[in-house]
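First subunit A sits with subunit B, and in the next complex the same chain sits with subunit C.
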Partner chain A sequence: MSSASLRNPWGKPRFLAGVTWVYIIWSLLPVLLAIRFAFNDGRSRTTLQGWSTRWFFGDSAFSVFGDPTLQDALTHSLLLAGLAMLIATPLGILLAIGLQRWRGRGSGPSNVIALLPLVTPELVFAVGLFLLFTTALATIGLGTTAQVIGHVTFSMSFVVVIVRGRLITVGPDVEEAAADLGAPPLAVIWRILLPLLAPAIAASLLIVFALSIDDFVVSQYLASGADTTTVPMRIYAQARAAPTPALNALATLMLLITLMALGLAYLVFKFFTRGEKGGSAIEQIASIDSGGGR
Partner chain B sequence: MSRGDIRLEGLVKRYGDVLAVDGIDLHVPPGEFFTMLGPSGCGKTTTLRMIAGFERPDEGEILLDGSDMSNTPPHKRDVNTVFQSYALFTHMTVEENVAFGLRYRKVSKSEVASRVKKVMEMVQIGELGQRRPSELSGGQQQRVALARALVLEAPVLLLDEPLGALDARLRLDLQVELKRIQEQLEVSFIYVTHDQDEALTMSDRVAVMKGGRIEQCDAPQKLYEEPDTAFVANFLGSANLLSVTARASGAGCELSLGNFTLKSDSAPEQAGVGTAMIRPEYVKLEPQGSDAENRIPGMVEEVVYMGFHQDVRVRLANGDLIRADVPSDGEGEEYEQGNAVSVYLRAANLRVLDDEPSGEPEPADGQPADQQS
Partner chain C sequence: MDRRRIWGFFAAPGMVWLGVFFVVAFYAVVSVGLGNVNTLYQPIPHWNPLDWNVGYLVQAVESVIPGGQNWAVVVRTVLYLGVAIVLSLLIGYPVAYYASRHAGRWRGLVVILLILPFWISYIMRMFAWTNLLAPDGYGSKLLSALSIDTLFSSLGLLDGTDWLGGQGITVILALVYGYVPFFILPLFASLDRIDQRVIEAARDLGAPPPSSFWRVILPMSKPGILAGLVLVALPMAGDYYTQTLMSGSPSTSMFGNVINDYIQGGPDKSLGASMTIILSAVLLVFMLYYLRTLRREQGEVAA
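Showing the complex of A and B:
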């Protein structure tokens, strides 16, 4: 409705449309080129040499599914993303509910602090965690555990943002209504709050997954060796050593997985909020997605 | 019909330094339609939320049928609430919404089904059982909220501006229906609203609230005809307020308004400077020259056409502005700006208020302090 009132009745905004399209093409071009070279028949990542899927499956030594180091990286990335997703989401939900209900002294600052990881430079965050795990928390040390903790820490803020948005949409009245009708506190949570939060929970799970699988800096700093190498780390290392289109193929797979996670998050959110008024689902996913390109 | 007796004793609620509810005592006997009426921030909703158990009173007691429940959590209280926002469970069907509370009672499945069916028919949503709340109109959603609360057959129903989000016509229909349901079920309704029409049309008794206190609590007609304070007079309908000096005289009193002397049938608590009130519909305009009792000469300053009546504003000879409701029935006189008239303020309708003289700002000149909402 607001877009209708903003529309210029005197003509189409051709200039604005032009700028928009130039931006879209410009931002997609490198990605499309990278994908194109994943299907290159030759070894080059700069010269077009026909089409093939050899860098995905065909080549026994160098393709994504032929090179064990690439496969290990993919497995490790999926493991980290899965763990981060399953740990960060419940913690983030609890944090969101807590922050939403907490009134009084300290609630203001804690709100800000909970969202701080969203704006902290990732490098600073990663260096801090590195110091922590090599000194005070040396018993944990670097490695998979540290990487999971790191991913959980920064992705929890996103969960908090999504879940709190949903809590605000749902409002406090429904919980009061449920209690008023005789539901004890635990029943209010299980039968009212969690079902109503379902879209936010689903969106959170998938977005944490996407954030974790994309992450490079935190994974790199908290890695302990070859067995804790993630896909982005693998791509970065190999791109400097002996790059082949297999890297493009791997990156293409990653892109696919991330897009699928975000797309699924969007669809699930839309499914659960069908019939509700307002475009909050779209807005929330959109805001998270743009924040996800840290 | 002995259940549903609510008694509030010295109820106080503070939010930080703000005193939201400042010592409320009231008694709602079983089966009464009781309304708390007041502007926003007067403490009416906070009081209702304390009865429901969503807020904990800082002082005082809430007694339901004689037993204190001020420390009972909401899910154990035998009262149910209808929210202004409806607060329906959007992930459940209408039927599941209505049946929700029965899950926590010892009620057999067949009884759940029959009670849900009965109450849904009572509020006329019998055919909507399988719909989702998001597929319903505002009025239908409000009916679901009502059914969901009524199905538990609690002796007291709390209603927090339940019609606030509906349009005017629908609101009228639902007012009639709420009253019908309340009389049919013989449960106590405690109703919160800022709408004077709602309060007047449905209630057995109305408490007008201001600043966390009850200003006056009476039957609607008594509140309207015999308000104690200028606030009540203004909140219910519109009122002309005149700054007068009163002295006792016989059963009533004599009032000095400037150089004029008026008679009033009301007996003020104390003589001296005070406020007299008369409703615009009781102000009669007569041809100039009449100097019988309780007549004051004036000049028409403005005539506002309001459809079924005209709002005639007359500047009295002492400087006060007074409003007269003149029915547009085709029989009365037509008034125009500048007409000289005689204003008749009947002694029976001229009421001296209990306000402290300094309490309300007096419309000594300019617009009368009235409020029509």
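Showing the complex of A and C:
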């Protein structure tokens, strides 16, 4: 037996490596090609026809910035994501702190309810909100407000998971030390707890943004018409119909925005947790998304 | 005041929010499903359980049992999900296994590439395939050049050569493509936690590689496999958009399409709500199972 086979009795796992790389190519190549078609010089979304940016800016009637319906979809997606981010993050942070420390009657069921949106199929969730906003809460009705509420509701659970993970990592020691040294409770929260939670807060903001911008089902069920159409809804409506690469350009822009938000989340998380030991930040952030289809 | 109880106030705004927009929203489904309709077929929810009217729920249940009008859809949904889940396992296990134990210096890159699909909008990933599988698309051309379309046709899996023309196989493969990342990542995490020393111990005690896999690694990764399978099965069960994008034909409709058609398309929202109650009842066991694993993992981190 050679020393190499002693170290690794399975031999070189060529088969496994092959399967993995074929899978990775299969999972990403179609998206890369869809991005490539966005830069097509011709009208085709199925055949390569040179390079241009006409479907982003150039074409006055059909490009993303020429066609008002595409531009509105982009603006509306960004609006929903921005609002969802600003509402879901503070609510989720408070909820996470509360659930982590609150030991009393009702804390058990509250824990279940806070995590339940993570495992509820989005269709069930969307039908529920749709029926709520068309019956009991018909005063709010369908539209932008309902969409923001929907996005906040499903993304809050993600914030809870992220912030609780951070609370567990930092532990209660520093806070207890501050309290022992005479810091009043509010000062402990404001000057000790919040700075310690900073990486989780930054990551939460950007992840809620990314979840909201990628969402399809909730946006569609709670939309009230053309002016509440988001980018995924526009792509869904036109994927099998409208034949220009402007749709690819729109999808590309959205992907770029999502990945920039996540890249920023990763960098900010790394910056705040520099010098700390523990699992890789990117795996922590990525492993949280268990929603499916969002 | 008891310091431990004061933290409850922190949780209050979030809990009120979830109470209204998650718990009451689900209760709205129940109230509409067990409610009535007015003369314009608009649903009138019955919020008081004493007023519940089981008529629509009975009608919905009768339609999903053998002989009912939606029975074929139920059978198809179970078949599609079953095949898609088995394929996810067959593709996902080797990938997660390689990434966690053998990727070596490529590990960081492999993990990033496995995570990437999570963050590309699901609709965009499906849309990419509608570009490729159009009759003149590169995907169709490649499959034709490799004679895969004729192979599938001769096996009876493909009708004609148009992959987007109402083919069950396209919907199944699209579901696998869409959801397999959600299987790989939890499995990767679970395989990653297996202590290398346990595997070395099996080897030192004379287990040849195949039996150390079957008798040590596989049993130890069972919770990860189950969690991953539940995680892909839940969204697949409520999926309707994959079917519409990749086929659109009623001959490939899934249970999610039935609900979507009743709620968004037709006038029978009460029936749609009843269908949603049935779907939730079937999935509840799986949801609670996954929630338990999730909470146990959080507990482990805390310990």
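Everything that follows uses one rule, which is that the second predicted complex is superposed on the first by the 272 of 294 C-alpha atoms of A that agree within 3 Å, B and C clash if a C-alpha of one lies under 4 Å from a C-alpha of the other, contacts with A are read in each partner's own complex, and residues count from 1 in each chain.
One rule holds in what follows: contacts are C-beta pairs under 8 Å (C-beta built on N, C-alpha and C of every residue); 3 or more make two chains touch, one makes a residue touch a chain.
From a predicted model like this one, the values you see are computed outputs, not experimental measurements.
Engineer: Both complexes share subunit A, so when I overlay them there, do subunit B and subunit C fit or clash?
Structural biologist: Overlaying the two structures gives subunit B and subunit C room side by side.
Engineer: Report for A:Met254: first if it touches subunit B alone, second if subunit C alone, otherwise both or neither.
Structural biologist: In the superposition, A:Met254 touches subunit C alone.
Engineer: Between subunit B (first) and subunit C (second), which does A:Ile192 come into contact with in this model arrangement: first, second, both, or neither?
Structural biologist: The first partner, subunit B, only.
Engineer: Contact-wise, after the overlay, does A:Ile97 reach subunit B, subunit C, both or neither (first, second, both, neither)?
Structural biologist: In the superposition, A:Ile97 contacts subunit C only.
Engineer: Tell me which partner A:Pro184 touches in the superposition: subunit B (first), subunit C (second), both or neither.
Structural biologist: After superposing on A, A:Pro184 lies in contact with subunit B but is clear of subunit C.
Engineer: Regarding the shared-chain residue A:Pro121, is it in contact with subunit B (first), subunit C (second), both, or neither?
Structural biologist: A:Pro121: touches subunit C, not subunit B.
Engineer: A:Leu28 in the overlay: touching subunit B, subunit C, both, or neither? Say first, second, both or neither.
Structural biologist: second
Engineer: Look at the residues of subunit A and decide whether subunit B or subunit C touches more of them.
Structural biologist: With both complexes superposed on chain A, more residues of subunit A are touched by C.
Engineer: Applying the touch criterion given at the start, work out whether A:Phe39 contacts subunit B, subunit C, both or neither, answering first, second, both or neither.
Structural biologist: Once the two structures are laid over each other on A, A:Phe39 reaches no partner at all.
Engineer: Once the two structures sit on chain A together, report how near the CA atoms of subunit B get to those of subunit C, whole Å.
Structural biologist: Subunit B and subunit C, overlaid via chain A, are at closest 9 Å apart by C-alpha.
Engineer: If you look only at subunit A, which of its residues touch subunit B in the complex?
Structural biologist: Those residues of subunit A that touch subunit B are 171, 173-174, 176-185, 187, 192, 195-196, 198, 275-277.
Engineer: Which part of subunit C faces subunit A closely enough to touch in the complex?
Structural biologist: By the definition above, subunit C touches subunit A via 2, 4-5, 7-15, 17-19, 21-26, 28-29, 31-32, 43, 45, 47, 91, 94-95, 97-99, 102-103, 110-132, 134, 136-139, 164, 177-182, 185-186, 189, 203, 209, 231-232, 234-241, 244-245, 248, 256, 259-260, 263-264, 269, 272-273, 276, 279-280, 283, 287, 290-291, 294-295, 298, 301-302.
Engineer: Per the contact definition, I'd like the list of subunit B residues that touch subunit A in the complex.
Structural biologist: 52-54, 73-77, 79-81, 83, 85, 87-91, 100-101, 103-105, 132, 134-135, 148-149, 152
Engineer: Which of the residues in subunit A end up touching subunit C in this complex?
Structural biologist: It is residues 9-10, 13, 15-17, 19-20, 23-24, 26-28, 30-31, 33-34, 37, 45-47, 91-92, 94-95, 97-104, 106-107, 110-125, 127-132, 134-136, 149-150, 152-153, 156, 160-161, 164-165, 168, 210, 213-214, 216-217, 220-221, 231-232, 235-236, 239-240, 247-248, 251, 254-255, 258-259, 262, 282-283, 286-287, 289-294 of subunit A that touch subunit C.
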